[in-house]
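Listed after this line are the structures, all set down as structure tokens.
Two complexes come next, and they have one chain in common, chain A, joined by chain B in the first and chain C in the second.
Moving on, here comes the complex of A and B:
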């Protein structure tokens, strides 16, 4: 929550402070959206909610931080993303692939176990300390002026990279053969198999893809939000909240819901202590689960139809 | 009566372990056995909910913590500065407050442990009831996430509230005099007595749950687990049964929380943490989901090893690994992996499939 710390309890709200809130909210919001899309990709191809989704984000950040002293930053990030993708694929191959029609409860517990193992491994490799990547441009005090308020250029990096990721993903699913295969697999697995698509490989691919986007998000956000071994759980809950808000499986819904949750959180700081910020988003999750489990934007009857 | 024979065996085991530690001079093991006993109460309660009613809860540490924290707060909050106010005088008149001195000889006026425990347990039950009505309508991932979310909110609230000691938790919780001379406390001299208090509670809970699962309610729960729609069609009020089970298991967790907090003399926010909830789920899973005895045996064994520091800094990792391995290779639990069933299958020949 580092980016929010400079937002103090200044009232009445000036227009500059208002913009600061907006930018903080959008930054976190787009990160939540990326985590939510990670959930969606795996959910769409497998029907699994991967409770280890947040750990991919942490892992991406941590690996990039470790590689950074050895090589230029862009290369470190690319390698970190690739390694995390391998981890994602490995998890699917070792733990998921060979199970024969596992029950939902079993899968929930397995992915929870995986998230614990990744977290504990990170604790033993990197320790409890808080780490971060350097700022991509400038340092923590440099800022750019936008609409009369000053923000860190890293905020623009986060928003830019995440937006590009969302666009590329939707292009990938719409226009590439691989993306269409994955969509076919999501729509009807049996039919996809009959068309000669290797659905098992598509599932592995979906784990790689969602690990990759999580890791990239983890890298770009690291300079402002920092990376810690147990940072994944909180992100996973927020990401899941967003995925549910947007309608599970609906990635455009996730973007809208992510930005909404980010803004809500940012503005909640002005009325509630920071410590309760997590409680707010979880309360939102509970209320939505109780009232509109098909999401804010979906309709009940269309919730069954999966859409990337 | 056949189903109560194992309970007699358990009682005999409890007594013989105590005598054995006495004889070998290793009574220090009793401390961890007492704590494992209290955790076992949470685990068998969760076993009823997960194994028999088929509803996962990733928020049971929350109920444990509500019991423990409320009880700790009410018995340590010093009301001495309010002693002239009407409500304090009134409470005192009815004998609901207890005066004592703390370590430094300062006078403390706080709630009677009995009243505090009652309030704590009723509160946990009420919260379970209120939360349970909407939560138990959910299924699968949604149910898991909703209960996980509930657990995190409870954790955050305890961690952020000044009245609950924030990150330090609450310490200096007095003993809990259950009966004259029977006090739940961690003091050195009361170790053996407290071991028996804890295991009496375990046995009482077991008797209650065994009776429950062998009754009409138990059959209804199993029907719900098997196929909820079918159970509904058979005229079982599934929502009501699920809710009752949820509240019962939450109350058991809260009772364990109250006792263990008095035994430890305090409670910290880690007791409400997500990892604790996951650990309870892991232990139920290892025990074999719908298997009270399995949950009890595995729960006590693994908690005892964990509390003795057997797993070192890999404590959480061990429970994570247990979860995965059990769910991958033996989703029916470790004790159900037994060869008896497979042998029976083998001997019955190919005639029955």
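Moving on, here comes the complex of A and C:
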């Protein structure tokens, strides 16, 4: 009897509530992971952290919202992703490509500047209000029942699209020539140049790629989280936390770390006041930077080779 | 000697003349009245600051086209605080010390207003806040007024509606802004008066983009009969969506911070049935003819909507009231800040968008509970709430 009481005390939540937390956590988590992968792609080819990563997510959402009245939703999203990729390429060509051996600090400051620039431009173009894409299926109140809990179909879209993106990216890096070239740049830029790889183009490509995946994530999450001109900043902080947690440059580590952070945030609600939710990720970031700067899944020796 | 005396006498006379004649000469000649405004045009409270800034720009343009307030042109200086109290403080100092403004309209949020309340008081500058929290005017500060309705009245209005419905156990959610904190305080304080028990209370970040986890937690508590959400941020719509998606069908009450149709649009189908208190600006055409607010509400709505091509909101209305109250005081007392302050304090039965204002030395808000009506959302529109 006493043992039984102990068991019930240990599980204060119903399985239904538990699942709700899991789904909420996975939704945030996969979005953080995508932002973190965006950081990683650019970090791998250039050694810099692109602090405008969150702005790509915002831009993708905003452009799709603006295009949506003119065309079917899927086309609007594809176009928004392409336009954001162009913006990514443009940023690299205008601000970064011509720099000759820039210091890491200089590059970081440049990307922070770019993020402010994009944010202010978005404020002028789209105003300060919140916008959102329509739900891909159903509307604001529709939900699907999974294992006794009800979640929005959009949550499944977010998880599905982001998972497919992660799989495609890893296939791209492993099996395509272009992906292998980019990996070569990541491993050793000088050697890659000697092998005849145009590393500058690879850098441009990495900006396009990370802008593209950010934009797509921005589109699928827009119905759930809304899109606002300054929505990128918060995401960039979370994404950065996740990227550091997973080990900079390690995309699978980012996925694991993203899901972990999302779940931690979701479950924290059951024990801590909601207001502490954001404090959790910042605390984790600080602890990891102090204790394991190479991340949970990164190796110390590889991290030591990087410029950070 | 005599000559010298005569000369100095002349100088004294000229000086005296200058001293005694210059000021009236200056008032008779048209002056430019500088009005400062600290508004959250961007940032998390831009839903408030945006319409407020646009309303002020429109009103100042209108007044100046007519030759100003009694011939005194108005110069408007809008500072965008982005809802940051730190920025509000430096703007307040700048407006008072450098620009030497006649009065300040704003800030948009309660948190900012509380930070600059003392600065306005020490600078002897009229502050007409567009923020709702009652602490702004209680205790009364000589130079500080506010135009939005009292949050305690909003709470009473909501609790009254709950009582009629037989609701007694509720959950309270609030944004972590000055408005949210003040509202949560009022909700907690007034609950016993209506026999209402707050079973759960949570505060969320003003930039929250998903509240499904906390909705799950609250939903697990079967005692909760209704939810009250107190915030001014997009989370108002997000909460509604998360609740309905989770299949939680208890009534959702929002604060008077919900009075912007954009929130309804953002909430879509999930916004249906939300109940909240607000002024009468949301549907002026439904007022009976001859209601003192009707004509001005319709006029403001038409002017604003045709100029900016966006729906009017109660928040822009707060700035409208602030400007009209200030103009009325200036035309009554002349362009003298001290006299204008006294004139505001003595303003009675002055119809505005938020209600009918009657100020007094003890009441720097001038509105009572009748300024509020209960509203709900039906088919994406605000309609009066009936049991």
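Following the convention adopted for this analysis, the second predicted complex is superposed on the first by the 289 of 308 C-alpha atoms of A that agree within 3 Å, B and C clash if a C-alpha of one lies under 4 Å from a C-alpha of the other, contacts with A are read in each partner's own complex, and residues count from 1 in each chain.
The definition used in the following text is that a contact is a pair of C-beta atoms (placed from the backbone, for glycine too) under 8 Å apart; a residue touches a chain by one contact, two chains touch by 3 or more.
Since the model is a prediction, treat every value here as computed from it, not as a measurement.
> Once both complexes are superposed via chain A, do chain B and chain C end up clashing or fitting?
clash
> Is A:92 touching the first partner chain B, the second partner chain C, both, or neither of them?
neither
> For A:109, using the defined touch cut-off, is the partner it touches chain B, chain C, both, or neither? Pick first, second, both or neither.
Only chain B; A:109 stays clear of chain C.
> With the two complexes superposed on chain A, say which partner A:27 touches: chain B (first), chain C (second), both, or neither.
Only chain C is touched by A:27; chain B is not.
> Examine A:124 and indicate which partner it touches, taking first as chain B and second as chain C; both and neither are also allowed.
The first partner, chain B, only.
> Is A:290 touching anything from chain B or chain C once the two structures are fitted on A? First, second, both or neither.
After superposition on chain A, A:290 lies in contact with chain B alone.
> Should A:275 be classified as contacting the first partner (chain B), the second (chain C), both, or neither?
Both: A:275 reaches chain B and chain C.
> Following superposition on the C-alpha atoms of chain A, which segment of chain C from the set 110-118, 164-172, 182-190 or 362-370 overlaps chain B?
Of the candidate stretches of chain C, chain B runs into 110-118.
> Per the definitions at the top, what is the overlap between the chain A residues touching chain B and those touching chain C?
273, 275, 278
> Looking at the complex, which residues from chain C come into contact with chain A?
Going by the criterion above, the answer is residues 41-43, 46-47, 49-50, 176, 202-205, 207-214, 216-217, 219-220, 234, 237-238, 240-241, 244-247, 262, 266-272.
> Help me check something: in the complex, which residues belonging to chain B touch chain A?
Going through chain B, the ones touching chain A are 54, 56, 58, 134-135, 137-142, 144-146, 148-150, 152-153, 156-157, 159-160, 274-275, 278, 281-282, 285, 313-314, 316-317, 319-324, 327-328, 331.
> Help me check something: in the complex, which residues belonging to chain A touch chain B?
Contacts found on chain A: 49, 51, 95, 99, 102-106, 108-110, 112-117, 119-121, 124, 233, 237, 240, 244, 273, 275-276, 278-279, 282-283, 285-286, 289-290, 293.
> Over in the complex, which chain A residues touch chain C? Could you list them?
Chain A residues touching chain C: 13-14, 16-17, 20-21, 23-25, 27-28, 123, 127-132, 139-143, 149-152, 224-226, 228-231, 234, 265-267, 269-270, 273-275, 277-278.
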